[in-house]
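Next come two complexes built around chain A: one with chain B, the other with chain C.
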Partner chain A sequence: MTALPTKKLEAWRYTDLRPLSGISFVAPPVGAAPALPDLGLPRLVFLNGVFNAALSSPFAFARGFAPVAEDSALPLAQINAEQAHDGATLHVPAGVDAGTVLLISHATGDVPFAFHLRHRITLGEGARLTVLEIAKGEGIYWHNPVTDITLAANAALTHIRVQEESRAAYSLATIRASVAASASYEHFTATIGGQLSRTEIHAALTGPGALAHLNAAQLLNGTQHGDFTTVVAHKAPGCASRQTVKSVLADTARGVFQGRIEVARGAQQTDGFQLSQALLLSPGAEMDTKPELEIFADDVKCSHGATVGALDEEQLFYLRSRGIPEAQARAMLIRAFLEAALEPVTQKEARTLLEAAINNWWVQP
Partner chain B sequence: MLEIKNLHARIGEKEILRGVNLTVPDGEIHAIMGPNGAGKSTLSYVLSGRDGYEVTEGEVIYNGQNILDLPPEDRAAAGIFLAFQYPVELPGVGNANFLRTALNAVRRKRGQEELDAVAFLKLARAAVKSLHMKEDFLKRNVNVGFSGGEKKRNEMLQMALLKPGLAILDETDSGLDIDALKIVAEGVNALRAPDFSALVITHYQRLLDHIVPDVVHVLAAGRIVRSGPKELALELEARGYAGLEAA
Partner chain C sequence: MSTTTVQDLAEQKYKYGFTTDIAMEEFPRGLNEDIIRLISAKKNEPEWMLEWRLKAYAAWLTMEEPDWARIHHPPIEYQALYYYAAPAKAAPKSLEEVDPELLKTYEKLGIPLNERAALAGVAVDAVFDSVSVATTFRETLAKAGVIFCPISEAVREHPELVRQYLGSVVPVRDNYFAALNSAVFSDGSFVYVPKGVRCPMELSTYFRINARNTGQFERTLIIADEAASVSYLEGCTAPMRDENQLHAAVVELVALDEAKIKYSTVQNWYPGDAEGKGGIYNFVTKRGACRGRNSKISWTQVETGSAITWKYPSCVLQGDGSVGEFYSVAVTNNYQQADTGTKMIHLGKNTTSTIISKGISAGHSDNTYRGLVRIAASASGARNYTQCDSLLIGDQCGAHTVPYIESRNTSAKVEHEATTSKIAEDQLFYCRSRGLSQEDAVGLIVNGFCKDVLKELPMEFAVEAQKLLSVSLEGSVG
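And now, the complex of A and B:
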């Protein structure tokens, strides 16, 4: 197996995978059928990394899995390529609005195991799709999915992920998106579960007017570590990218945001913006933010901002003075803090799911 | 009825209130005037339960209950409302959601039924209208981008909905033009009732032209140094606060 990346690599400076290398992961056991949310949407269900037809419902745009061949500079994608033997393959033909599909991964086992799903999403010209991804599980496992996305001109993909993995899990997701002219990739990840997790997105804007929004909310407590890393490559003129990352960190949790924007020579009128804001709920919590701008064009608008703060005592008192109990007042302010990242998520079922996941987070010990 | 007895309070090592005695019977409106630094805002914060103020002596009895041990939210439920001098902005919190959450929290504690979204909106829209506010007030984030006058109107809207037994107005008139001042006065006057009382804290007399007090108190150096009928406010306006501390 290809070696895991180490902290010597700049891209892995803040996320240490040594705890992972100390565990010997076995092949996944047969998964048990969990209780699944019924959102009335077509769904593809994977149990311990294997497609389960009985729990899934038909989706006209799903195809069979094809073996992976790749030579990647990304160690985790390379490991995935060596190990993957299942995953969702979605293909929406030109001009078709395929609606919303649920992609569910559920993992559970008694001994540590690893699984490496390889998803592929291809949208033809002007096609539309919303993928709502849910990852849950119990016990110790390593989930190492790779999602490859290809969007033809004018296509629009909304990709919403709710990462509620087991609190003992390692979840390392790699997403690569190629976005053609006037196409849009709208991404949102809610990082809630996992002992150690990372979402790494590489978005290439290859045609004029392409757009990528890579937003995230990280809600972490205990000793959790969550990492949201994005690399946006502006390769054509007139493209726009946005990252809004909101992290709420309690206890000794640690959040990471690394955002890289690369503007190629000739990618004029690029509009790139990234914002990382962290709310630290206790003195032991930590946020690391690393923006990187690499610009080879001269007519571009690129900026980034980062803030770290605590709950505002004056706001808290204002709410309490109106009769709102302290715990509820805190929850309201935390929810308000997340609003800017959540705002672009307008799909009804996704919204419901996210609100529920966020609400559950408050009541966790 | 509000009874403040020998109230001493400090921030850190600094004693701000040095034995305040004050009784506001039900149905009355009392004004507290005084120079800057007299302890006016401290008094309003101590009454509403803000952290950071240490009460070292004395008690505050509201309707027979010592409220000093209650958290702010329980004081609100008991009927105490503080209109802020500088209302706080809450980005990301919608005004309607805020108002409904507050109203239902208070109703729950008062043993009243909570209002559903429809019933609440009906009530809130009526209150917005009677305060001459625009309908979109409810849709905006709490106080975000509001003018000074709009913020104070929003305080009055909250007061109208929460229906307090005791309203404390902490220099609500500061920075207001005459129209906004009248709105605030109307907000308070509309609540006048045998079971409603108010403490109007102000530096200037002009608010008291519109909210006519039953009694005027002068707070100076952490004590009430004079009390009298509404004409006292005019006298203070004419002569200033100089010399009062010795009285």
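And now, the complex of A and C:
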């Protein structure tokens, strides 16, 4: 197996995979059928990394899995290619609006196990699709999914991920998207579960007028470690990218955001924006931010902003003075803090799911 | 943009390119323990200093050249360099004894020592290559109790201070270039401002790199004792050269309780020609330690020269309530590469830091801001504000921003903003419609872009810096 990346690699400076390398993961056992939410949407269900037809419902645009060849500089994608046996392959032909599909991964097992799903999503010219991804589980496991996305001109993909993995799990997702002219990739990840988790997105804007939104909310407590890493490559003129990442960190949780905007020579009229904001709720919490700009064209508008701080005492005082109990006032302020990242998620079922997941986070011990 | 102005730019010669013919007393090329012993012996150094150098050399041998910066250059042949060069005559006792050739050089640089001293009230410890040849205003400073002398002299005359502080901010093993400097440093300035003394004048050193193939290894140590304050200016130009020259300086600042140090730099070393040939490689380690309560260290730099700039003036904010500042303008043109920024390490309570960085890239150059803000768990109430703006002139250059922000304290507040843009057509049009030439308009806009930094410079430097900015960018916009 390809070696796990170490902290010596600049891209892994803030996320240490040594705890992972100390565990010997076995092949996944047969997964038990969990209780799944019925959202009235077509769904593809994977139990311990294997497609389960009985729990899934038909989706006209799903294809069978085919193995992949990979020669990647990304160690995790390389490991995935070596190990992947299953995954969703979605293909929406030109001009078709395929609606919304649920992509569910559920993992349970008694001994530590690893699984490496390989998803492929291809949208033809002008096609549309919403993928709502939910990852849940119990016990110790390593989930190492790779999602490859190809969007033809004018296609639009909305990709919403709710990561509520087991609190003992390692979740390391790699997402690569190629976005052609005037196509758009809207991404949102909610990182709630996992002992150690990372979402790494590489979005390439290859045609004029392409658009990428990469938003995330990380809600972490206990000793959780959450990492949201993005690389947006502006390769054609007139493309736009927007990123809003909000992290709420309690106890001794550690949040990481690394975002790089690359503007290639000739990618004029690029509009790139990136915002990372973190709330440290407890003395032991930590946030590491690295927003990077790499620019080789002159007619561009690129900016990033980053803030780290505590809840505003004055705002808290204002709410308390209006008779709102402290816990509730805090919850209100944190919810408001997250809003800018959540805002672009307009799909009804996704929104409901996210709100439920976030509300659930407050009541956790 | 017209191609003619780009051509003008290419033909723009380094304005301060001239060399001085003085007999040089040179050592053989290369570096080994014998060379270090020779350097130490030449300077009549005590045994402890030699041991310190040898330890640094041993450390350097085990270290590797860093490769994380966004710079590219052919490998540096450390064994092909000279590690010491000094004007052949013995150090003069007064201006009359100074080699007239040298004085002429200073005049070309715009520092006629006698006049400048009288008019500007600036003490100049001029370093010509490695040995200090003229020092003025020693008496006035001595009256105030301020020690301002070449570090080689301080090693002999104030060993207790040097031994206490040398290497205490930038340890010998800190990085590859700092270790090299510690082994072979030639000379530099030493400043000690005693308790409660406000240094009566701005201190200034002019560096020049003159001998062919000579690495320049300056070492500066500035200590501001309790409630003392000092402002130090460093500025430089270098003669035109074809071969790349390595420069690896180390600057250490120590501020005790309530002390203030302001360190300003205008760096205009030879950047190489329009094809990127030649030019100085500038690998500098600058760091200040705010050791005391409410101490303050402020770095201001205007970087327009050098083929390669690798420089991160930093502040370690140890004392409660201490303040660190970094104001920087970095201009790159032609094939220059600059990777520069700062580190603000917050350790004490209620420490504050401000970072204002303005990067301007033109031609085929690359300009990178790289900075770290670290709030330790102990730094309750710490506050940082960072603003990094980049301006691109032309479509063949690069501007990059690589900030690292690490916060471990819930009561700390960190804010970072960065923008990248080009000179707006409407701004140019406005200036042109008011009768300004294209170049004047660009100069005006660029100076406006850098205003937040330039206003931090002491008077003497502010004027020079503004001129430098315009000269550096001449012909880059048509």
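Operating definition for what follows: the second predicted complex is superposed on the first by the 365 of 365 C-alpha atoms of A that agree within 3 Å, B and C clash if a C-alpha of one lies under 4 Å from a C-alpha of the other, contacts with A are read in each partner's own complex, and residues count from 1 in each chain.
Here is the rule we go by: a residue touches a chain if its C-beta (ideal position, glycine included) is under 8 Å from a C-beta of that chain, and two chains touch if they have at least 3 such contacts.
As the structure is a computational prediction, the values presented were derived from the model and not from experiment.
A.B. asks: Once chain A from each complex is brought into register, does chain C clash with chain B or fit beside it?
C.D. replies: fit
A.B. asks: Given the touch rule stated above, what does A:R63 touch, chain B (first), chain C (second), both, or neither?
C.D. replies: A:R63: touches no partner chain.
A.B. asks: Once the two complexes are aligned on chain A, which partner has more residues of chain A within touching range, chain B or chain C?
C.D. replies: After superposition, C is the partner touching more of chain A.
A.B. asks: With the two complexes superposed on chain A, say which partner A:K7 touches: chain B (first), chain C (second), both, or neither.
C.D. replies: So A:K7 meets neither chain B nor chain C here.
A.B. asks: Touch test for A:C302: chain B only (first), chain C only (second), both, or neither?
C.D. replies: In the superposed model, A:C302 contacts chain C only, not chain B.
A.B. asks: For A:A310 in the superposed arrangement: first (chain B), second (chain C), both or neither?
C.D. replies: In the superposition, A:A310 touches chain C alone.
A.B. asks: After the superposition on A, what does A:A336 contact: first (chain B), second (chain C), both or neither?
C.D. replies: A:A336 contacts chain B only, not chain C.
A.B. asks: At the Cα centre of chain A, what angle separates the centres of chain B and chain C, to the nearest 10 degrees?
C.D. replies: With chain A as the vertex, chain B and chain C sit 80 degrees apart.
A.B. asks: Counting only touches as set out at the top, which of chain B and chain C does A:K348 meet: first, second, both, neither?
C.D. replies: It touches nothing on chain B or chain C.
A.B. asks: Once both structures are aligned on chain A, how many angstrom separate the closest C-alpha atoms of chain B and chain C?
C.D. replies: 16
A.B. asks: Using the superposition on chain A as set up above, list the residues of chain A that contact both chain B and chain C.
C.D. replies: Residues common to the chain A contacts of chain C and of chain B do not exist here, since the sets are disjoint.
A.B. asks: Quick check on the complex: what are the chain C residues that touch chain A?
C.D. replies: 68, 375, 377, 390, 392-422
A.B. asks: Considering the complex alone, what residue numbers of chain A touch chain C?
C.D. replies: 10, 265-266, 268, 278, 280-310
A.B. asks: Enumerate the contact residues on chain A facing chain B in the complex.
C.D. replies: Touch residues, chain A against chain B: 312-315, 317-326, 328-329, 332-333, 335-340.
A.B. asks: Under the definition above, what is the set of chain B residues touching chain A in their complex?
C.D. replies: Per the stated touch rule, the residues are 48-51, 71-73, 75-77, 81-82, 84, 87-88, 90-93, 98, 101-103, 105-106, 109, 158, 162.
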